[in-house]
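Common to both upcoming complexes is chain A, partnered first by chain B, then by chain C.
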Partner chain A sequence: MSLAVPLVAFLDALGQFLRPSTLAEVILNGLSKAALYAMIAGGLTLIFGLMGVLNFAHGSLTMFGAYLGGLVLVLAVGQATGPLARVAYFFVAVVVVFGALAGLGGALEVGLIRPLYDRPPIYQILLTFGVTLVLDEAARIVVSFYGLQPISDWQAALGTKPGPLSASYEFAGVSVSGLALFEILVGAATVAAVWGFLTRTRYGLVVRAGSEDSEMTEALGIDVRRVFTTVFALGAGIAGVAGLLLAWDPVWGASVPLASETLLPAFVVVIIGGLGTFRGTVYAALLVGLVDASMTWWFVNAVDFSGLPQMTIFLILVLVLVVKPQGLFGVAEVGGH
Partner chain B sequence: MSGEAADASTPDASAPLLDVTDVHTYYGESHILEGVSLSVDRGEAVALIGRNGVGKTTTLRSVLGLTPPREGTVRLAGEDVTGRPTNEVARRGVGWIPEERRVFSQLTVAENIRIAAPADADTQAALDRAYDTFPALGERPNANAGALSGGQQQMLAIARGLVGDNDLLLVDEPSEGLAPQIVADVAEALAAVAEETTILLVEQNLPLAMDLADRFYLLDNGQVVADGEATRGVTEDEEIRRYLSA
Partner chain C sequence: MYPGLYHLAVTSPVGAEATALLPRVETMIAVFYFGLFAASFDFISGYTGYLSFGHATFYGAGAYLVVLAANGKLPLPYDTPFMLLIVLAGLLAVVLALVIGAVSFRLSGVYFAMITLGFSQVIYVFVRDWDFVSSSPRDGAAVVGPGGGEIPVFNVGVPGVDALNLAIGQLTGDTVEGLFGLLSLSAVGYDTFRYKLAAFAISGFFAGVAGALFAGFRRSVAPDNSLFFLVSGDALLASIIGGFGTLAGPIYGRLFDETVREFLSKEGAGGGLLPYLRGRLSEGTLATELFNGLTVREAIATFLNGHASLYLGLLFVAFVLFVPRGLLGTLRDRVGDTLAAAVSKRLR
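The block that comes next holds the complex of A and B.
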């Protein structure tokens, strides 16, 4: 009798979960999470793949993107600004954030990381960890000075989101938020752009070759150090744009802790996909996003324990590391210079 | 004096294509090359022979700037390139076909060839040239290079050097780890390449090196200990055999 009650409850929840409308909602939520994970982790994996640098400052660059993009939107958007204009300002902010963060990333690579390439990886890890402490503290000081809630979400930036993105929509019994659809669109466009760059351009070919054997690439007459700077800038720019997207998402929002909140899942996605492989990172983001959304549904609707969805992501990580330590799509060795 | 300085920094068609003078190269504190000097004229194929670990590969790496010399000079057509970044040396027309081939295993055959062609080159012409020389590569242009056999990978490595429009090819142990029949194919391919490009060849297979080269340098303990014309007779020379087997 005591076992039968939870079993009935479980079967009841399973029945609800397997309804087409529920599954469709979970998949859409999972795709929106995957889009964000792919954007945050994509830059991280490109940088590691080419340079062998684990960039601990990546989350801070995302947080800077959230604040900078939020600032652009807060300055540009007024009460009377219509939804289309707000979306247009979002894309203006994308350009500003990408340019600024790519510039910051390029400067960090040239000024701080480049002198350490010939040293053991621990030097680069310690350096980027130090950079993240400096960037986080700088952000904390600035946002405290201007009275912008450094710990909780920056509400003014959240408030610039157009109404249609805050609303939910029903299609054939499936409910989905406008923001989730927008995140899926922006994430898919970013992944397609990076994939096109890597596979359809000569520079992308150089990046892939350099990721495999930078010494051989250099011996073909290619200035690999310049490619390092470009890729670091590209990765930082994408991280910033992901941050901008998060500034509109009430689950995340612009705040100083966003740096660490995004860095951890990004590392998990990169490790599951295989360090240094962009394709693996995209697949891992899909896996983690869909599992996260499924578990969130289960632990909200069937079991009242909201801390567990996050834990399942780390369980996938442990499982992958045990079964395939180099990740789902990883090769034995990447990076190196 | 100023004339000499100008000669050292600008190409000179009458100078040897490669002139290595009294080069000393180290790995950390290990003194590997102890005053190596050699030269290669345009159109020549020169073999660098010697036992394992005497500094043959290090000589090639020193020329390319991958392991820059601490002393001595490397000149290309009279131009001093000592210590220049590797990509600059390569852009001056020096190609490298490294030991163990080092093809980009995750890239396709066609991508390996495309990346080796100069950025402003006609990519299709480069592919056609590579496939004409090595028809086996043309049969699998979209295969990942990592999926090729050892012999095909060596062909691809040579093709990469070929399409780079290089004046000088540094070829390191091209027969290493290959079956005898494949070695014969590689030798044939290299002989064809040698007709249009200057080659500095590191090779432990003495008969192969003597067949391909016009001249040779014998390296021992980081120094050139003998040099001369490359003939089959060299393979029977007792003193040289002693150096190679010591």
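The block that comes next holds the complex of A and C.
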């Protein structure tokens, strides 16, 4: 009897979970989470794939993007701005954030990381970890100087979100928020853009060649160092745009702790996919996003344990590392494993 | 010894300067227990190059064991002597280290750092949301004694922590060098897995002990100050500044770290730069406008007050770039031997 009660409750919840409308909702939410994860982790995986640098400052760059993008939106959007204009300003903010963060990323690579390429890889982890401390504290100083709470979400930036994105829509019994759809669109566009860059452009070819064998690429007369700088800038730019998108998402929001909140999932996604493969990262983002959404549903409806989604994600990380250390799509040699 | 010296310095003619510069006695204790943790972190990360980014797990496990035992939530008498709890905390950490290490040492480099980070975050999230720990597990648990019972008293002082540091200091020298000499044997085909695991367990033991001391001294524990991955980051900071790959280095690194933090701490947290400047600078100077209506007082409050992390981070970056061997490592390079040996040679 004592065992039967939780079992019945579990089967009951499972029945609810497997209803088509619930499943469709979970999958849509999962896709929106996957889009965010792909954007957060995409830049990290590009940088690691080419240079073997695990960038601990990646989360801080995302956080900078959230604040900077939020600032553009707060300055541009007024009470009377219509929804379409707000979305247009969002894309203006995308350009600004991408440019600024790419500049910052490029400067970091040239100034700080370049001297470390001939040291053991652990020093790059150490250095970027130090950079994180500096960037986070600098953000905290600036943010509190303007009278904002560094640890709570920036409400003014959240407030610039156009009304249609806050509303939720219903198709055939499946309800989905406008924001989730918007996130899926932006995420898919980013993934497509990076994919196109890597596979359809000459520069992308050089990047892939450099990831494969940087010495050989250098021998062919290509200045790999310049490519390193470009890719670091690109990765930082993508991180910034991801931050901008998060500034509109009430689950995340622009805040200083966003740096470590995004860094950990980014690591998880990159490692699960296989360090340095962009394709693997996209698939891993889908996996993690869908698992996260399912576990969130279970937590809300059946299991009284709020850490369930996060804990499951880290368990997947550990499991993948145990079973297939190079990740789902990784090549064994990348990363000096 | 330190409390006496501190009292002497503060009451001396340069008392105001001493109050501003010297860490308080409580801070000094914190330096020692966290220094012990940082040393245990460096023991595995600095010596072997296996960056144990989940080291906070062992520290947190030790800390939680003490608090839970004191609250009567473990199958132990709640007034178990503190020394016994310290040992139990160490042993718990050893068990965890063996389990985590057995899986993780199949990997190396970045992957090792990531799998240990993964394990520690699983445990962090679990404890953070486990209502067995306390009624609001996110804020952690304090030592309140078992339901209505007497609240246990722990006697943690500088001497106790100091003795433990000496004990770990004894581990240096031949034992450690010998152990890690064995690690290089993997290149010629020996199985070093067991030695790595043993080193990880030893390191975990001292991290657990440090966590127990931390909880005993603070009389409370929260997930964010014990199990979170940034706690391992603090140990990393101390190790880099003090000397990566030296056992005593991280303790000096932590001392430096805490001193800077306290020097730039928020108002009301003991001595430090801010009250000193407020007391010494004239009202005219404080109200001087630097630019755009920003007064000196506001500038101090904005750029110095409680923002030690910024300057420590800059320093950390500078150390990684220019002083990779850290304070102690560089000094040892300079004198060509460990400091104690060099000093005794000079005196002879």
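We adopt the following convention: the second predicted complex is superposed on the first by the 334 of 337 C-alpha atoms of A that agree within 3 Å, B and C clash if a C-alpha of one lies under 4 Å from a C-alpha of the other, contacts with A are read in each partner's own complex, and residues count from 1 in each chain.
The rule is short, and it goes like this: a residue touches a chain if its C-beta (ideal position, glycine included) is under 8 Å from a C-beta of that chain, and two chains touch if they have at least 3 such contacts.
Owing to the predicted nature of the structure, the values given are computational and were not obtained by experimental measurement.
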Do chain B and chain C fit side by side on chain A in the superposed arrangement, or is it a clash? fit
Using the superposition on chain A described above, determine whether A:Ile271 touches chain B (first), chain C (second), both, or neither. second
Tell me the contact category for A:Leu112 with respect to chain B and chain C: first, second, both or neither. second
Kindly classify A:Pro6 by the partners it touches after superposition: chain B alone (first), chain C alone (second), both, or neither? neither
For the overlaid structures, how many degrees, to the nearest 10, lie between chain B and chain C at the C-alpha centre of chain A? 90
Which of chain B and chain C A:Leu205 touches, first, second, both or neither: first
Now for A:Leu133: first (chain B), second (chain C), both, or neither, which partner does it touch? second
Contacts for A:Ile122 in the overlay, against chain B (first) and chain C (second): which applies, first, second, both or neither? second
Scan A:Ile222 for contacts with chain B and chain C and give back first, second, both or neither. first
Once the shared chain is lined up, is A:Asp213 touching chain B (first), chain C (second), both, or neither of them? first
In the superposed model, how near does chain B get to chain C, counting Cα atoms only, in Å? 19
Residues of chain A that sit at the chain B interface in one complex and at the chain C interface in the other, please. none
Would you pull the chain C residues touching chain A in the complex into a rising list? 49, 51, 103, 106-111, 113-115, 117-119, 121-122, 125-126, 128-129, 229-230, 233, 236-237, 240, 302-303, 307, 309-310, 312-314, 316-317, 320-321, 324
Of all residues in chain A, which touch chain B in the complex? 202, 205-206, 208-209, 212-213, 215-224, 331
Tell me, which parts of chain A touch chain C in their complex? 54, 112, 115-116, 119-123, 125-127, 129-134, 136-138, 140-141, 144-145, 260, 264, 267-268, 271, 275, 305-307, 310-311, 314-315, 317-318, 321-322, 325, 335-337
Hey, which residues of chain B end up touching chain A in the complex? 64, 66, 85-87, 90-91, 96, 98, 102, 104-107, 111, 114-116, 118-119, 160, 164
